[in-house]
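Read the structure below first, then the notes.
Letters are used for the chains, namely A, B and C, taken in the order the chains are written, and counting of residues starts over at 1 for each.
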């Protein structure tokens, strides 16, 4: 009996003393923080991906609370919906965000871009990039080793084993920019997602002369400027034997896609074109 | 023309492999194994074969069904763990206890941490200490050494040198007997001569360096020497300490395990000194007669700390002045 | 025998072409001379399409201090200035010259006599070395005139000549020491004058005792030159290791050899200096070794800079059937080529054919913490830890663990029982940490 009493009293005493000490320590080391930071953090997606430019969601929340206006602050994962909620809590106005998405600008699949040597080493794009131009004749194109896939925290980009090129999952991509940074050849770019998720872009970053490119990849941009000449909105610029479509100016008319001789320009999520069929007058022609 | 292969330099390799390292240790254990066969006969064969086969089988099945990863039994590390585990056991240990030891050694000591290279504790010692604590009676009855012993479970037992010292029973074997191995003890620990031959082989093959074994043995020698000089009545000579128990086996083969020992020469020396000190403390003041296994496991826990703070001598060390 | 104290490995020597007298490779139909084939700023083209050039004519002007001139190695007509594959794995502008005859510039002294006397002042010597476009021919291709220009506040005490040639297979330096011993010694005396030192030490590995004896014989004709045989251990020819072996001094981490009063030059560079200063001949040719286990007749060849590899391979017996890799340089630090579409650069020391049975890397296993990489690293680093940190992209930790000290010798990967690609991750770390350090410096200033 004595033993039980002694144990209860001593352990209980230690517990009570610890509670008192902890209380005072919590009071002394308490950090004064604006309570709104907790509220804002609660509505954020908690992905801690760094896409907003801040180290983690809590840092972004703190920036939102201390900023005068929310114009330069946006969470790419949560998008407009989340920024609206943040704006409500803080009584500020949310800036309208143009949705963007990661776009891989290389069409050099195994079929159209022949391998000229065989790489045997660590499977990392950055390591190969520092070593040499890659397994094909095009030293600008995608190496297919998946640094982008590894860097994505949203499971939104994967290397297709048949084409050995990365493919972006439109639903999962949050345009946080991790894959853009991971790609050593700057092939991935954040571009406007476009209405109905439609976009047009030049699927090539090769700056070599056209005559050389044609030999190493069938769908390379050869810098012929046909697209540049046909664009009615001056959305295309030519430089270093390469065409580039500005996604802010592009109106998705698709004229450039039609004239490109190597099919280097890609249109995504458009309905199939209606083709003119030359038939005898009995069946008529579709417009 | 076939496509040329491109890879970063270097384009040549020494041909070294994990298996070669393991085989080199296995070869170094041959003299001790022959001594075990001679003095402990049938029991030695049964315990060692059971241990090796169980370790290999457990590793294979754990990798195949639990981890579902690649199989690495072909690097012979499970074989080595099995052999070293058996060297730490008495040769009259029942088969079922050996199998449990192998399961704990491989399953808990090695695979639960992620396989070879990831384990913080020496797997064979994990198995051995587990058995010592769970089956203290069977683990502390050692057969008497007899030429070509055909008895197994019913082998005649006797006290070992260390247990004699602990219980003050007197009657320690002669120094020659202790050196050659004619004394009771775990299968592989009795013959200092055989173990030293193995040590020389390992040094020649550059599998291990001299730092760990020498620092352990020297520390034990010096510490027990001091005790002996102060009070020769109570404490025995340091030579007897060096030759008795599992110190030789532990210093040469168990503490030098790659994965669990430090990565720098200074770190290895500190590790060895720590093992030596803890062994002597347990032997002198602890309730167990032998302390090497515990000492090694305790120092294994310090290895990551040693690796973090003890760095190798850098070329062109810039000494900060003032 | 002297050697460096820490680390090192013993790869099989395979010096199949040792002692083979040099042969001259015939002029190809076209040479391709890249404007960037050395460390430093690329040179700027001085000639244009259609121009007729002579051997030794300047075709690329150095751009900045750490840059080098490039000269035509043939006479003929400039066909174009276009991109060509260079030694760094990417395409870069190069001068393509169609070969017509073998017409040398008048000022170049083609007589076979050895000119022993040099009456130039040190600054004149350095100027001639710079004009001749001489870069380190040991492989690092650092512009020589920059090395010879001792920075303010530092003093050179000893000139060290690197005749170690520690890479397996390579014998180009060995052969040069046997055939041009006198010229090398004269070159050394010229360099001693240029950096104002009274003492020079030539370090040669002991598997080349004939070269040691030959150079000792000629060194007696000059003051202050000592020949020291060194133990055969890789990487004996690494600058810092060589300095430690010959003088006992350790170059501090992050510093250059001049910090301990040493200037190191390769023997081939020394020979090029002799030719430039005494014969007005710019750097337009060098010896390379063509070798490999399956090569029927390995040998050493004089080739003009810019000669396409395909021409050399054709003339030396063709590529062996079982070739898996073609390496420009030695097996420890050379570059595996993606195609034979490359031409000889100033830093090319050999063409090594590796059979396909030896070309594939072994399977990579877990690190078994055997510490062999730590024991064999000549710089006292921990490669297993650097690879671990590289995999996890822990760049600051790598910097703390001295990743920038790594000389990329390959000893760690060579000895690792688990075939771990240690040097690959260390290189990755070095390039990232190097960029971080540069950014830090520009932010501060």
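In the analysis below, a contact is a pair of C-beta atoms (placed from the backbone, for glycine too) under 8 Å apart; a residue touches a chain by one contact, two chains touch by 3 or more.
It should be emphasised that the depicted structure is a prediction, and the values quoted were computed from it without experimental measurement.
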item: Labels of chains that are neighbours to chain B and to chain C; value: A
item: Highest-count interface - the chain pair sharing the most C-beta contacts; value: B-C
item: Between chain B and chain C, centroid-to-centroid distance (C-alpha), Å; value: 48
item: Inter-centroid spacing, chain B versus chain A (mean Cα positions, whole Å); value: 53
item: Chain A and chain C, separation of their C-alpha mean positions in angstrom; value: 43
item: Overlap residues in chain C, where contacts from two or more other chains coincide; value: 335, 338-339, 359-361, 421, 424, 427
item: Contacts with two or more other chains, residues of chain B listed in rising order; value: 4-8
item: Multi-partner residues of chain A (at least 2 other chains); value: 116-117, 120-122, 127, 131-132, 135
item: Chain C-facing residues of chain A, complex; value: 116-117, 120-122, 124, 126-127, 130-133, 135, 139, 208-209, 212
item: Residues of chain B that touch chain C when the two form their complex; value: 1-2, 4-14, 16-18, 20-21, 72, 75, 77, 114-118, 209, 258-265, 311-318
item: Interfacial residue positions of chain B with respect to chain A in the complex; value: 3-8
item: Contacting residues of chain C [partner chain A, same complex]; value: 83, 89-91, 335, 338-339, 359-361, 421, 424-425, 427-428, 431
item: Complex contacts: residues of chain C adjacent to chain B; value: 6, 9, 11-12, 168, 240, 244, 250-255, 319, 323-327, 329, 331-340, 352, 354, 356, 358-362, 365-372, 374-375, 377-382, 384-385, 401-402, 405, 408, 410, 413-419, 421, 423-424, 427
